[in-house]
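Following this line, the structures themselves.
Heads up, the next two complexes both have chain A, just with different partners, chain B and then chain C.
Entry: the complex of A and B
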C-alpha cells in the first residue's frame, strides 16, 4: 500500500523533472564588447617585461631567486604573480619554436573565459564576468575562501594565498579592478603595453580574432607587419618573416572560448595547455543543477511526498509489525 | 517503557584518554592554522585547492554519516519498523559525522571570518553546486539536532516535550530524508565543473550525482552494520545480526544499480581501455571495484549473510569502497596539470585525526549518558 504512495510521489517528481526541468544550457556567448589579448608565442623572446610590468601595476613584489633580483624569477602563477612566461624545452633546446630540440615561450595568466568556470562555481558570487567587457574580476568582500574557483578553473588560475591567515584569491583582472581601472580609463593592459615585440596584443576579442586568423592564413616565410600595443590603434609595427603557425587559435572554441587568445608554432599540449572539449564544463554543471533544482520544484514535490508517507507510517503499524519476531525474512505485502 | 537505554559504563576509560591526547595534538595544529594561515599547516597549493580536510572531513565524512539517512528511508518510507531499535544510534552518529563535516568546512574556509556571506541572499549564486552543498548541509545539521532531541528529553524525563516534538517530528523526518538526498548527490555534481582534472574513469559528468547518491546510501547502511557490530563487541552486547542481515539485502540492490551505471557509463563513453592502462588510475579502479564486489558476493549468499563476522567484513569493505571512490575522484587520481602535486602534511593529517578523535569521544559520552543504544538483555 505505501509502496503505491511512494511510487506516486516518485512519478510526480519525475513529471516535474521532465516538464519544468529542461534547463540545460549551451555555452555562454562572448560579452557584447569583450576585450582580451592575443598572445603570439612565436613573437615572445622571453624578456619577461610583461611580468615585471604586471607586478608594478598590481603592486606586487618581484619574486627573487637566492637574493638575485633580475626582473622577476617567478616560475609559475602564485598569489604574488598574476602573469608569467614559461619555457618549453626539448632536447638541446636551441631551435626557437621547434618541437624537436627546440624551445618556445608561453604566457600564463587568466584566460578570461567566455563561459568562466570560476564564476559558475563560486557560491557567493565573488567572481564576476563583466556584462559588457567580459572581464572576470574578483571581489574579496564576498569571498569565503572555499577555493571552489580554483577547482573549477581549467587553467588553475585563481590562487589563494595560504601563507596569509586572512588570505584571499589572486588572479589577473585585466588591469581593470578597483583602484587600477586601466581599461575603463582608455589604457591597455600593463603586459600588452610593456611587450617590446607585440607578442602580447590588446584589443577587442573580435579584432584580435581577425588578427589571429590573418596570421593563420600567411605562408611561412612571408613578411608580415606585426602591430604592437593595441590592435585597433597600434603604437608601432615591426616587420618579420612569418613562422610556421599551428592552425589552431587557442580560445576560439576551448570550453566555450576565451577572451585571451593564444597562437603558436608548437602544439598547445606541449605548452602545458589542458585537454579541453568545446562544451564548457560550467554549462554541463549548471544544466544538471538547474534540472534538479529548477524553482525548487522537484525538492518541494519530494518533500510533500515524503511528509505524506512518513506521517502515514508513523501513525500506522509497521508493515512488518508481525514479522519482528520472524526469522528476519522480509515479507512484502503488496 | 523505552526501547533504549544508556550503556552503564564509566566514561573515563584508557581508550578515552588516548583519544583525548590525539585530540590535543590536532587542536594544537588547528590553533597554528588560525594564527599563521593554512600554509603553515597544510600542503595545499594552486593546483590542489582541496586536500584531506575537504575530501575526508566533508566528502567522505558526511557519506559515512549517512546512517541516519539510510535507516530513516528504511523505517519511515519503506515502513520496516523492526529496524527502529537501530535508529537512535544511527542519528547520533550522523549528527556527530555531519558536525565534523561542518567544523571541517569552517576550518578549511580561507575566509572563515566572513562565512556568513553564504547566508546573504544577494550573494547567493544559484548556479553553484557549492552553494547547494553549503546551505543544505547547514540545514541538515539542525534537522539532525532536532531528531536527536527525543533521547535528551527522555534522559531528563520531559515526556511533555517529547509529546510536543512528536506532533511535528514527521516534518523533520521528511526533511531528514530529502536534505541528504540533495547534498549527497551534489557532492558528486561538484566534480562536473572540475572537468578534465578528474580522471576519465571518475568523470561521469551527468551521472555524478546519481553515483554519489547510491554510494552514500550504501555507506549509510554499511556504517549502521559497522556501528551495531562494533557496539556489540565493545560493550559486550547482543549482536543484532538478524536485523543487520536484513539490511544487507537492500544493500545488494544498491550496489548492483551502482555497478550497472558505473560500468555502463565507462562502456558507452568508450573508456573501458583505461581500466587496463596499467597506471595509477587503473590500479585504483580495480581496488575500488573489488571493494564493492566483495560485499555484493557476501550479501548474495544466504549463508554468509547470516554470519555476523562476514557481515561485518562486508560492511567494512563497503565503507572503504565508498570512501575510496570519493578519494580517487577528488584527490588520488585527480590531476590539475603539470607542476602540481599533493600529499597531506603531518600537521594537516593530525587536524583531521584530532577532529575524528573528538567525534568518537563525543559518541562514547553520549551512548553512556543518554538512552541511544537499543535495550538488551546482557549477553
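Entry: the complex of A and C
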C-alpha cells in the first residue's frame, strides 16, 4: 500500500465517522442541588485556619520541613494537603488586594467542576460527580491507578501518592467521603466552618452565586455585612467596607462552571488561574470520542483499512517484483 | 571631662547612682538604642543644672496619660521625672491654683521663649468657639496656640491630644480634635494611647534632652521606635493566628489556652504600637490587654479605637514572618519513590528479570534439544 492509498482510506474512514456520528454534547448543567463554596480573596487574612481544619477533618499529616513538625510547610496541593492558602505578591507587597506593590491570598482546593474533566477522563468511574449534590468524589475500590485524572484536571487538583506502594488519588471531596460525611449529616465543610472572616463560605451553588453577584453590585467603600459559615443560615456576620472587586465570578462559566466559586479584587490570572474557555474540555473530548466511536464506526473503519492493507500486501509481491524488474530493464536500456 | 556629677545627682534626685543608671538603660532599651546611649542620657540629666522647663496643658480628657506616667514604677520615676525636668505648669499636679498659677505659667513661658517643652494632654474642642473647655477664662484653643508659639518642641501625649480620642467619636458634639489639627505648620510629636505607655513618652523626652532633637517620626508624627510595627507582628499569641487557632468566646477552651483573640475582635492586626514589647505597669509576665486575655481595641489608632465596634473583626494590614505562604506558581516538588515503593518496584523488576532469564534458558534448552534432534 502506498502513501496515496493509505491517505485515501484514512479520509474515507474519517468521513464515515463524521456522517454517522452522534451529536457532540454541550456542557453539563449543574447538579439539581449542587453544593459548593464561595472563596472571597479580599476577606482572607491568611490565618490558614482552613488548612489545619482540613487536615484535622481528613486525618492528614502536616507537611514537614527537615522532619520538624512545628509548622505545616505545604507549598501546594499534594497527597498530604487537600487545601492550601497561597500568596500573590508584587513589589513591596504591603497593600492588600492591590496589583501594584500589593498582595492577595488565594485558596487552592478542588473546584468541584460542574462538568469535571477528571470524571470524564477516568476509564473506570473511580471519579464520579454526585447526581444530586454535584460533589466530585473518588472511589478507591474502582481506581486502577492510571492517574489520567491528574492530567485531566485544568486546576492540577488530583494528586497521586507516589510515596505509597499502594497509592491512591487524593483530592477534596467536600468533607463528604465515607467516614466523614459532614454534608450528609447536615454539617458544612471544615474549611468554611473554621474560617474566621467568612472568606470561605459554604452553601448551595445557587445561593452562593446570588451572594457573589450581590457583592459585585456593591460600590467600593460601601459597608456590607459579610455572612460567615453557611450562606443560608450564617453563624454570624462580619461588617466591613467593600473592596473594589473584579467584575468576575470565577466558576460561573469557566470550562462549564464550578461549584466552588472565587471572587477577588486582583485579576485571576495573577492568582494563578488558568485561561479557560466557556466550553468544558470534557464536552469537547467526549464529543470527539463519542463521534468517532458511534455505531462502532472507528473500529469498523480501522478494521476495513487493516484488512485492505493486509490483502494488498498478500497480492503485492508479484506486482512489486515486476515493477522492479521493469525499472531495472529501463535503467539497463539507458 | 570628668563625666556626670553623680554625687550631685544622688543628692538632687534622692536615688542611688546605680538605680539612676538602671533607669537610663531601661529608657535606652525602649528607644532601641545601645547601652552607650544610656550613659549619654545619664550625662545629659546629671550635667545640666539648668533643667528643661516643661509646660503641661490639659484639654478634654480624663488625665489618663498623667496617671499612667505617675504609675511608672522604674526607680521612683515620679520623682525622677519631676526633678529631671522643671515642670512649671501642670493643672492636676500643681500645688498652687487659680490666677497665681496662670500668671506663673505666662511668666515662665516669657522667660524661656523658644526653650521650653510643651506637652499637650487632651483634645481641643472647636465647636462654638471652643467654649466646651476653658481654663482661667481662656479656651483650650487659645491656651494651646499661645503655648505652642514659642515652644522648642511639642508633644501630644495620649490619643485625645494626638487625634481627638474618645471625644472625637461620632457624633463629636464638641468638635474635638488633636493638637496637631490646631497647630498647622508646627511639628507635634504624637504619642497616642488610651492611656499611652509612659515609657514611650519618657523615651521621647530623653531623646530630646540627650540629642537635642526629636526621634524619627512616621507619617502620623509618631515616634517610629514605638509605633513602627503592628501589635500583630510582635504579639505573643501570633503563632496561634498563623496556625488558625482562635478563641471563639470568652472563657472557652481556646481562650483559656491562650489562643489568638482575632475572632473576638482583636484590633492588633491594624494597630501600630509596641505594647507586646513594653507591656504595661512594669509588672511583667504578659501584663497588657492581649496578654491578660482581652482583645486589643486599637486605642492608639485613629479610625480604629472608639470608632470600630469592639468585637468587629480587624483588617489584617500585612502578612509578615514567621508565617510563610507558598507563592501562587509554586508547585509541589517532584515526588521521589519512598523506601517501600522502591522495595516493591525492585522486587517486581527482580521477578521480571528472573522470569526472563528462566524463559531464555528454556528457549535455549528447547533450541539445543531440537538442534540435537536434527
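Brief remarks on what is shown
Heads up, the rule we're going with is that the second predicted complex is superposed on the first by the 270 of 334 C-alpha atoms of A that agree within 3 Å, B and C clash if a C-alpha of one lies under 4 Å from a C-alpha of the other, contacts with A are read in each partner's own complex, and residues count from 1 in each chain.
Definition applied: a residue touches a chain if its C-beta (ideal position, glycine included) is under 8 Å from a C-beta of that chain, and two chains touch if they have at least 3 such contacts.
Being a predicted model, the structure only gives us computed values, none of them experimental.
When the shared chain is aligned, chain C comes close enough to touch A:196, but chain B does not. Once chain A of one complex is fitted onto chain A of the other, the partner contacts of A:257 are absent, as it touches neither chain B nor chain C.
When the two complexes are overlaid on their common chain A, residue A:134 makes contact with neither chain B nor chain C.
Once chain A of one complex is fitted onto chain A of the other, the partner contacts of A:105 are limited to chain C, with no touch recorded for chain B.
In the superposition on chain A, contact is made by A:165 with both chain B and chain C. The larger set of touched chain A residues comes from B, when the choice is between chain B and chain C.
In the superposed pair of complexes, A:307 makes contact with chain B only, with no contact to chain C. When the two structures are aligned on the shared chain, A:36 is found in touch with neither chain B nor chain C. Judged by the touch definition given at the top, the superposed model places A:271 against chain C, while chain B stays out of reach. By the document's definition of touching, of the two partners only chain C reaches A:85; chain B does not.
Overlaid on A, the two complexes show chain B and chain C touching the same residues of chain A, namely 76-78, 156, 159, 162-165, 167, 272. Contacts from chain A toward chain C in the complex involve residues 45-53, 71-78, 84-89, 94, 96, 103, 105-106, 156, 159, 162-165, 167, 194, 196-197, 238-240, 270-272.
Chain C meets chain A in the complex at residues 241-246, 260, 262-263, 269, 309, 312-313, 315-319, 323-333, 335-338, 340-341, 343-345. Of all residues in chain B, those touching chain A in their complex are 34-40, 42, 44-47, 49-50, 75-82, 84, 105, 108-115, 117-118, 120, 123-132, 134, 169-171, 173-175, 177-178, 181-182, 185-186, 189-190, 192-197, 205-206, 208-209, 242-243, 245-246, 249, 336-340.
On the chain A side of its complex with chain B, the touching residues are 2, 6, 76-78, 117, 120-126, 140-148, 150-152, 154-156, 159-168, 255, 272, 274-276, 281-282, 284-286, 288-290, 292-293, 299, 302-303, 306-307, 309-311, 313-314, 316-321, 323-324, 327-330.
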